[in-house]
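What follows is a group of structures, each given as structure tokens.
Two complexes follow with chain A in common, the first pairing it with chain B and the second with chain C.
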Partner chain A sequence: MSAPTTGTAQPTAGAREDATPSIRAVRLSKWYGRVTALQDVSLHLEPGIWGLLGPNGSGKTTFLRLVAGQLRPSLGEVRVCGLAPFGEVRALRRIGLCPEADAMYDDLTALEFVAAMAELSGYSRPAAKERAEAALDAFGLKKAMERKVGGYSRGMRQRAKLAQSVVHEPDVLLLDEPLTGTDPTSRAVILEQLAKRAAAGAVVLFSTHVLHEVEALTEQVLLIARGQVVAQGRVHEIRDLLEEHPHHVRVVCDRPRDLAAAVLGEPGVLGVRFPSADAVEFETRDPDRTYGAIAKKAVEGRFRVQSLTSPDATLEALFHYLVERSGRMAGTGADAASGSAAPYAAGGLAPGSGASPTPRGPSR
Partner chain B sequence: MSAPPVPSPGHAIGAVLRLQLRRFARGKKLRLALVALALVVVGVVTARYLGEHPDAAATADAVRSGLRLGFLGLLVYLLPFLFASGVIAEEVEGRTLSFLVARPVGRWALGTGKYLAAIALAVPLLVAGMLVVHVACFATAPDALVSELPSTLRIAGACALLACCYAAFCMLWGAVAVEAAGIVATLHLAVLEFGISLVPGPIRLLSMNYLASQLAGMEKTGLFADITPDVPPLAAGLTLGAVTLTFFGLGLLAVATSEFRFSRA
Partner chain C sequence: MSVRDLGYRAYEGQRLPASHNTWVMVRHSVRRAWSSWLVKLPVFFCVGTAVVLGIYYLVAGVLVSGQTGEAFDAAPIVRRLVSAQMWLFVPFITLGAGAGSIAQDAVHRAFQFYFAKPVTPAQYLFGRVSAVAFFAGFVVVVPGVLLILLTVGYGAPSPEVRLERAGYLLPFLLSAALLSVVMASVSVGFSSLAKSRALTMSSWILVLVVPHVIAGAISLIAKTDWVFVASMPGLLDVVFDALFKSPREPEAHLAWWHAAPILAAVTAGSLLLAHRRLTHAEVIT
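Up next is the complex of A and B:
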């Protein structure tokens, strides 16, 4: 992997098609009116499986749509196999897209639908039908391919959508939340097929907001938040970040200041604040230990604890943490200016390190 | 990996056309169009046989009036609207356009294939309906069945050209005003086409329906019809063709350049 750091990469010149599958974004930005959906994203993805991880509304779908040629960049550029994809048929023929929306031609059978998509990719009618049958078979829909997709379950529809995305053996496969609504069986089939596409040399980029979905497929992740790539690295390093970044533990009780005084000296506790008259919030680097200390002190001091919660025990919190850490909080949102700081690079996947992707099989 | 070659324009348009026709065949619009067509045909034929026509000329006039009212005054609006106004807009509304624009057919071919699918249904239905009316209305007068055929075919030709024009209008509005495609297309057809085709004076020349009726060789009707300028058939046909191509081109431009609802945050 090589990932040009924001502000250092140069725009790709010309429109020469590359034989090697790749996705390259250079200072890519997209605005919807006054709302910034994507800001100053620069990256270069080579063959392998890539997880695009981010909370809802973070810009994942916008990025995929830009790569798929459905949107034009407001600023910067995006290249697929060396070509700008918007309206460029040479690029589009190498792209497979599985959109997030659960929308299909419900009056068509799965075979008709996928065969039509293959025809639109340039195959003759017999070849398209043959490919459609093979693709649907690969996703476990052989017996149901003559049924109308309107009667399919959510998981079957998802598999039919994935079948159309790979029916023309694309070099770049873009999947927007591909595992949404799938049962474990469907999930296993989908993961197996995606691993096969990657093994065949394709760039597989899939978005999700669920960390364990990424872990099932790949070690390589891009973290996107508020329209910016805030980190890229390996999944376990992201997990480590989750563990190491300061957590917050909020306790609602009868004497919050007394409880704060009792707990503040415990190892790992970094600070304390009082969000309301009946609550205390601890900042800690060791949440498990802090939870134990709070419980112990609450019993010893006979505090009447009403609730004990962690407002940030989610991936969302990690995104916010990384945004702050990379110094890019300012400049996002409706009045965004250009961001300039570098995304956080976890471990061996520092931007520009050239680390190679390591697609994993569907181990789960 | 083996990326397929970029489809030729013919292949691309053909693939889009086939997909759209298959969807029409499975959907409700074709059935609705057939019902409307059947009602109009039955109505015109019934009116012909219920009316008293002393001679063959009166019968021919009655049939022409029926064709004007039922086809040039009703179905030529309804069928293109049914088939063309949603070809783009419904794909956007139904969020299925992603599948099509991600394919290497090119957006020009996408728009062209969908437009051709719309007129491939609207025009044959109109022409076939008129021929059925012709045969049914002149079934008891074999001489008129033959002698009046050129007149009916001329009306059918004008109606077909007008249907192509209206389909272009509807597709354009479907592409540029996705959420209000039906309303905008209806307003265009109702006000600019039907309404203006009835007003007196040169302003009537703005209505393609009036030009089509001139092309069809029909007498002028409506308010102060006698002060409305006549249009030579050739000029009417050329104008209709030019307007059709202009709106079709604008529709294609909208399809080719728009981000549609992909641009929703």
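Up next is the complex of A and C:
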């Protein structure tokens, strides 16, 4: 595990377009009135697939919209292929965005909609239609492309939405929760297409709050919470962090105090508390071992166990832990909340350091 | 596996300039507007007014005038058609394609698709307004031109009268253009006021009808036409009268130079409001 490090990227100079696809943010912040949506984010993403992982309301969508040129930064800057995307035609033509909202028009066919989006990217009508057909075909909608979107299933709508985001072959592909509500077929098609785009040299950044969705696509993740990038690294390191941070196991049984006495001596168990008269909650650094110990003691002591749950076996708990931890590292917890705390860099990948691990899947 | 094996082909053609997106937005908006039955029905039935007024012209203008030998003035019929279309068909077009358009995109958050491309709020707005103006203009111009052709081609007693009737075309087209642009701009401006399509549509129709009805009632009692400054159709009628040089009642005080600046201000205000709402309230901030 790496120690927390401070972002080191410097502001990009001038508005020179880079041939190599990239996303660079330097002390990027965004406020909506008095609400802070994104705070002091610095990072540099190069070609490959990147997962933007965070709980709901953590700032993922705001970050994607800043990169997509739909929002003007309140402070700091964001560059896409060397260009500030807000109102910059050259940058916008190199960006593909698939928003989370299901904003497809029911009364248009998928072909009409995707072709219109291709035209808006600068293609002539015939070229746009050809590209739209190819994009929809790639996402498995060849037979359905002439049907109105209103008759599509949720997975098909999602694929049509993704098709419009790639119809102009963008160098930077931004996807907001692309797998939400998809069936296994749609999911397989989407994953395959995204891997292909990344292999072709694009930066694919997708947001999600589900860890296994990231694992299906990439090893590279950015963890965002409370508007801050709290960690950047590889999925297995996130897994390690999940295991490392204090874990809670709650058992509802007939004799919670007896069970606590029996389990407390087991290795890895850090503490115990009683949230109610019929429940005991263990704090542990080794959840697997503790689960085993509880099961063993429950059988040996003939406890009548009603439920065994983990109230914090979620990413939210991990994010909370990381934010608090980065706050402690920087000085105080208040530092973390205000965004001045340094982000956690797993695997030696500091935000803004320009590091760009090899993407998963086929390489160029 | 190489990129070629994956089916990628580099695009070798030219990318069109971002200004081309204005035209794309217009076509896209027209296509979207056409999907509404509130737009389709007026388009299909708009000629009905021309048929009714044409029959009136044939009876009053050709038969009666032919028997009495009095010269028939066909201008009021064409003028009447403009007002008839303004009340009978244009409101449906503005409801179907205008007054709910931005609200609908706001509800579905469809702006993100457009503004992720090199599309400016002004281009988006121009597309939406143009679509409404196109259909509103269609339901006025097509029956109007047919009616003018009828009065020119049938029942004109002399070449001079025929030429005079052909001259109706200019004030008619100006009236149709004014009606289309004003109604389209204001209705689309209304659609930006809220995220509820039902609310913006009902507000628009209320603003269109209620002040006119109230102004009509007050003008009857108070014997003044100044109250029509609060009615957009009333103001439009004043300008139409001026364009057609229609005779006015002696007690009429509201003149076209009063009405035109108000209409211009309302139209510009609606467009500015919609633009501001698009740039500040939704996506582009």
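Convention: the second predicted complex is superposed on the first by the 284 of 364 C-alpha atoms of A that agree within 3 Å, B and C clash if a C-alpha of one lies under 4 Å from a C-alpha of the other, contacts with A are read in each partner's own complex, and residues count from 1 in each chain.
Keep this in mind: a contact is a pair of C-beta atoms (placed from the backbone, for glycine too) under 8 Å apart; a residue touches a chain by one contact, two chains touch by 3 or more.
Just so you know, these numbers come straight off a predicted model, no measurement behind them.
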Legend entry - Partners on chain A (chain B, chain C) - clash or fit: clash
Inset, instruction - Have a look at where A:Gly140 lands relative to chain B and chain C in the superposition and call it first, second, both or neither. - result: neither
Inset, instruction - May I ask you to decide whether A:Val89 touches chain B, chain C, both, or neither, giving the answer as first, second, both or neither? - result: both
Inset, instruction - Could you tell me if A:Leu97 is touching chain B, chain C, both of them or neither one (first, second, both, neither)? - result: both
Legend entry - First, second, both or neither for A:Gln164, with chain B first and chain C second: both
Inset, instruction - Give one of first, second, both or neither to describe whether A:Pro73 is in contact with chain B, with chain C, with both, or with none. - result: neither
Inset, instruction - Using the superposition on chain A described above, determine whether A:Pro55 touches chain B (first), chain C (second), both, or neither. - result: neither
Inset, instruction - State whether A:Leu108 touches chain B only (first), chain C only (second), both chains, or neither. - result: both
Legend entry - Contacts of A:Gly155 with chain B and chain C, given as first, second, both or neither: neither
Inset, instruction - Look at A:Ala202 in the shared chain and tell me whether it touches chain B only, chain C only, both, or neither; answer first, second, both or neither. - result: first
Legend entry - Shared chain A surface residues [contacts with chain B and with chain C]: 65, 68-72, 87, 89, 92-93, 95-97, 99, 101, 103, 105, 107-108, 112, 116-117, 119-123, 164, 169, 200-201
Legend entry - chain A-touching residues of chain B, taken from the complex the two chains share: 1-7, 11-12, 15-16, 18-19, 22-23, 26-27, 94-96, 98-107, 256, 259, 262-265
Legend entry - Interface residues, chain A side, partner chain B - complex: 21, 32, 35, 37, 57, 62, 65, 68-72, 87, 89-90, 92-97, 99, 101, 103-105, 107-108, 112, 116-117, 119-123, 164, 168-171, 200-202
Inset, instruction - Using the touch rule from the top, collect the residues of chain C that touch chain A in their complex. - result: 1, 3, 6-8, 11, 13, 15-18, 20-21, 24-25, 27-28, 31-32, 35, 105, 108-110, 112-120, 283-285
Legend entry - Residue ranges of chain A touching chain C (in the complex, touch as defined): 65, 68-72, 87, 89, 92-93, 95-97, 99, 101-103, 105, 107-108, 112, 116-117, 119-124, 127, 131, 138, 164-165, 169, 196, 199-201, 362, 364
